[in-house]
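Pasting a structure below so you can have a look.
All chains are identified by letter, namely A, B, C and D, in their written order; residue positions are counted from 1 within each chain.
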Amino acid sequence: MGSLSQIGELLSLQTFGESHGPAIGGILSGVPAGIPVDFARVKTEMEARRPGANALRSPRNESDEVEWLSGIFEGKTTGSPIGFLIRNTDQRSGDYEALKEVFRPSHADYTYWAKYGIRDYRGGGRASARETACRVAAGALLMPWLESLGIEIRAWVSSIHQHEMPQDFGDWTKEQIRQSIVYCPDQKCSQAMIKAIALARDEGDSLGGIISAKITGVPAGLGEPIYYKLHAALGAAMLSINAVKGFEMGRGFELTRHKGSEVNDLFYAKEGKVKTRSNHSAGIQGGISNGMPVQFRVAFKPTATIRKPQETLSQTKETIAIEAKGRHDPCVVPRAVPIVEAMAALVLADMWLIQQSKALHEGTKA
Amino acid sequence: MGSLSQIGELLSLQTFGESHGPAIGGILSGVPAGIPVDFARVKTEMEARRPGANALRSPRNESDEVEWLSGIFEGKTTGSPIGFLIRNTDQRSGDYEALKEVFRPSHADYTYWAKYGIRDYRGGGRASARETACRVAAGALLMPWLESLGIEIRAWVSSIHQHEMPQDFGDWTKEQIRQSIVYCPDQKCSQAMIKAIALARDEGDSLGGIISAKITGVPAGLGEPIYYKLHAALGAAMLSINAVKGFEMGRGFELTRHKGSEVNDLFYAKEGKVKTRSNHSAGIQGGISNGMPVQFRVAFKPTATIRKPQETLSQTKETIAIEAKGRHDPCVVPRAVPIVEAMAALVLADMWLIQQSKALHEGTKA
Amino acid sequence: MGSLSQIGELLSLQTFGESHGPAIGGILSGVPAGIPVDFARVKTEMEARRPGANALRSPRNESDEVEWLSGIFEGKTTGSPIGFLIRNTDQRSGDYEALKEVFRPSHADYTYWAKYGIRDYRGGGRASARETACRVAAGALLMPWLESLGIEIRAWVSSIHQHEMPQDFGDWTKEQIRQSIVYCPDQKCSQAMIKAIALARDEGDSLGGIISAKITGVPAGLGEPIYYKLHAALGAAMLSINAVKGFEMGRGFELTRHKGSEVNDLFYAKEGKVKTRSNHSAGIQGGISNGMPVQFRVAFKPTATIRKPQETLSQTKETIAIEAKGRHDPCVVPRAVPIVEAMAALVLADMWLIQQSKALHEGTKA
Amino acid sequence: MGSLSQIGELLSLQTFGESHGPAIGGILSGVPAGIPVDFARVKTEMEARRPGANALRSPRNESDEVEWLSGIFEGKTTGSPIGFLIRNTDQRSGDYEALKEVFRPSHADYTYWAKYGIRDYRGGGRASARETACRVAAGALLMPWLESLGIEIRAWVSSIHQHEMPQDFGDWTKEQIRQSIVYCPDQKCSQAMIKAIALARDEGDSLGGIISAKITGVPAGLGEPIYYKLHAALGAAMLSINAVKGFEMGRGFELTRHKGSEVNDLFYAKEGKVKTRSNHSAGIQGGISNGMPVQFRVAFKPTATIRKPQETLSQTKETIAIEAKGRHDPCVVPRAVPIVEAMAALVLADMWLIQQSKALHEGTKA
């Protein structure tokens, strides 16, 4: 039994909702019973994604309050599907009336129309990144449980436009990352990014960037060997985030420029545990975690909406010029940090449950 | 109803088999009835992936004859599941006896053992890239049908080690690509790659590289908006191929270094059809095809097996030195070209059927 | 991608919510775009299932107002997931405080506790038949579309306790069925049923019964041959309804007492169409519809909740006596008529879309 | 990731193959690693289903040898997909040449043709019950593992035509059942059934019947509450078997004629374990097993193929008379006993794994 608007197998998230409808929401299904829910943690993660949280973000003012509707009783999960809702409180559909019959460049207006023959044009409708608020809510709910299993997920902005952190995959703490409003733990780089985003905003332009992530404490054995490899699932999860155009395990594309003898990871034992001396495999071999940190990078293209005038087509295929007027982000990459973490949490939790299902003896227990 | 060793939703491929068991094979399910089967085409694609086909490849000599067992009657598909088999004819399990209790560096020996507490050590067992022969067989069966719908898939090697084609995503014909034994359509670059691979082979080392792909004729409207976006499905399919460590739509990672105003794709109409002036979106917007060529790149790490001596661990966690003795490829990237094409065919066929299911009116018909 | 709390493949319904939480709801996913939504029709079907609608039902007073949250724009479906919500307005959790640690006989209290180690004891929690309101909402939304395709679904009560309609599978209209408060189209039988239910209510006991259904206009060709046969999907859908303990196509169990020569359905042609002289196959052969009416019967056990005193166990395994005090139905069978119709609509719509996906030529078009 | 020709979620079986193609086979996926395989047990179950095994069966002579191709190493499962093959050795396609353009009454000839616009007419093609050999092979492989978990599955023939066992759901041993060639453990009834089948065979007619099943040792807690209830999954599995037209838990249809006070199952404790005094719930409450025996009944219609002359249509819609000439069974019910057991094994194994995946504490461990 499946749905094409759903992610995960044993533990899954299905979402619904458009940018300018009454609400968005979702069903998080397959969460084991008895897990304590940390509502404050959810709030923290929602805030990290929220528009309007600082001057570099869209001024759209959504409270992004999550209303939990089921599957939680006396502060713990019950094993039943967890339904939740986030009301859209700051909808200005009027802003979009002008764009009703326009196919905005590099937006999904045309493709939705081609696919469905109909579209909810208000603020991007279903294509709006507003949907990702549901992912953050669901992922944040899972994180304390994963942490109790020893699994820690950290994502940060490692590059914006041409400003790139000098080296990647450091052991950053959440505090080090989140103290910067662009979620870049390198202070100097963070300053340069902030300046660049402010400038792009003032110019009416937009910037892209890269988010890096490191997951520690993943037990060896997670991931299904052929078509549901751990990194294939992570890749699909990340590529499902708005504006993402690339995914690599570790420095995947750079690896192609090295020889096997340079990038093979040699095994050794440390206190009875199997380790590798380097981690070019980025924690995954044959699609299965090997106990080393799982690390990957996600490429975000610059936001499609810019204030600069652009030429495009109307629904009736006439050429017209547009200039964005709504409330937009000059750079969505920082806001995507909690989304990347949430998607990673969804994948890891699913893989952990799948592995536990078949663990017949101690050795293979997740 | 699902399986974690399966890819695709309405049209799916599930495979089975180990490198050194009696046979590998699969079930291709959901293919519409009445599609003519081109067995010669399958043979051509199988040959393109086959080991032993030229001096740059592993000398393992497999005939890779596909035995079709069901779902085809009088030369056409019947709509029933298509079962098929490929016998393993050149197994030398003896070669692997020595590696029985060894965790080879950057191989999946350790992770399978950690996952299952047991492993079929002969030639990598289930983790062997031999499994990909099934993908090529299934994909090749679908290609003539996709071509009859106007969809053409081309993949080629665009870089090996530090040799990279000067520019990417040209309109290469199959002949231009396949005339080079490394499947690189740029003659000069091809020569350099061949030399580099021969040198790595002689040095007992291995090389990685990048495969690029371009799919033309994809109708606008394919792809499911949220978690089964066309590029998320393509990414998961490619990341499921052995040795793949990265995936990007168009030049995804490079896009992050440009401004929105530089990389937005402006719409215009040409002979009544919607087109974009540039194709930085790589044919997909909001997860849905826009009618422009779909193009992507796949990063392959260097093969893990090298003849150079390496230090590693035994199953009992003792340090040992190993040197590969079996029959291996110094570079698997060229052999992966038909695999990339096959995986793309599987994804496109699935998406096409899904879209056709919901096409209630002419305008939205795939 | 799947979920174990979901039904359907291309078109699916996933629900959430407990009897006494803030709300129940669901996501109906995969509905084609452009289908007009008939909100009044949904209201009618919700009313047919609603508690408190007449004196034979539980006096729990729920307005059962459906709040549609997404996937509908300007009165039509958009192709995006349709999220919806039904608030629980008449919760008296206090009624259940006494049952907090009791395993009620033939209820799911014990099994949920055994499964999850935790339970939401308020009114049956997730096990409450309240969840079926979501099914009715979703099914009712699909019905006008199915009817526009020629598919008409009718269900009725054919037996309550020992009162059985003299013959089954007549061509009843919706009006003939719904005019009786127990939804039995045979007037005499309906009277007897009403009396029997009233008596059971007064005695503090409960009754079961059978719902029969007939679906006309199903085109030949729906249903997937092996494990997703049309009747297997219908059976699973019906067996997922609370209190259902049996399912048969036509008079399935009675068929076992006849010879092949008596019950084979002979084909003949009528106005160029293929028909069968009898319909013992109940419209399905080899799991695929044959164009004749699809008909089946669903067995409901008597409601578990009765006011008569019963002996049972507490959570601490002590023997205790209980008498139900909450607001209950002496017979749920009539209220299940719209549920059966809704589940049939979900299955038929899914099967129709699946068949349309693979219809490459006119002849096989659903 | 799914397939419509597949059953099961975490543990799944997908099959392929037609009656008169080179082979049938399947992939059993998701079986945990390290389970010993009992090939003799598989042989025993295959023999119990095999045509030609005794004088009451079709004389088609198939050896039904299962060739295991993968997923088993040194006598144990490895966790990888288990591929297997059964060659068709006694194909007399010529027998069917005459039926090439005929729609046989109550067969799937017409519906396949209507669905696909093409059909493999040889011996029923994909619609042939030959496919069930794959199910028996897969189920038999799982049984010793289930038995090691304490789960015992027994099915038997409880009625043929009008000969019915005096009472149902006894504690029959496998020996008591299998000593009768019609697999009815009641000796007197068995004799009457044998006579009836022989008579039907001689008359050129066919008979149906009922198979009952009892599964002991099912731990409390198996089954997913809403749409993947244990009995819904069992029902779907049984309804997917050829010729099945009905399914009931315990005596489901008879239950509808009793009052709640008569058929509620009262809980009591026995040696610290929760039990019920009666078992009208048939081991399942709210879709979840309660630890009592799971018992159900499956209705098989009489075989469609009879030697008596019948009137039907050709593919060109002309009326013609036919008389079956191939090799057929006058009654398939006994041969379906191992199929019912195999399907139950598939469902139980899947449910057990699902439950183990989420068992975070001892109490809820399957």
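By definition in this document, a residue touches a chain if its C-beta (ideal position, glycine included) is under 8 Å from a C-beta of that chain, and two chains touch if they have at least 3 such contacts.
A quick note: this is a predicted structure, and the numbers were derived from the prediction, not measured.
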{"item": "Between chain B and chain C, the fewest steps along chains that touch one another", "value": "1"}
{"item": "Furthest chain, CA centroid comparison against chain B", "value": "C"}
{"item": "Which of A-D and B-D has more C-beta contact pairs", "value": "B-D"}
{"item": "Computed distance of Cα centres, chain D from chain C, in Å", "value": "26"}
{"item": "Chain B-chain D separation of Cα centroids, rounded to whole Å", "value": "38"}
{"item": "Whole-Å gap between the CA centroids of chain A and chain D", "value": "45"}
{"item": "Touching two or more other chains - residue numbers and ranges from chain D", "value": "1-2, 4-7, 9-10, 15, 30, 33-34, 79-80, 115-117, 126, 225, 227-228, 354, 361, 364"}
{"item": "For the chain B and chain D complex, residues of the former touching the latter", "value": "1-10, 12, 14-18, 21-27, 29-30, 33-34, 67, 69-71, 73, 76, 78-83, 85, 115-120, 125-126"}
{"item": "Chain A partner contacts - residues on chain D that touch it in the complex", "value": "1-2, 9-10, 30, 32-35, 79-80, 225, 227-228, 353-354, 356-361, 364"}
{"item": "Touching residues (chain side chain A, partner chain B) in the complex", "value": "1-2, 4-7, 9, 15, 103, 105-108, 110-112, 114-117, 126-127, 131, 159, 161-162, 200, 205-210, 220-229, 231-233, 235-237, 239-240, 242, 245-250, 252-253, 255-269, 272, 274, 276, 280-282, 284-291, 299-306, 308, 310-313, 317-319, 354-355, 361, 363-364"}
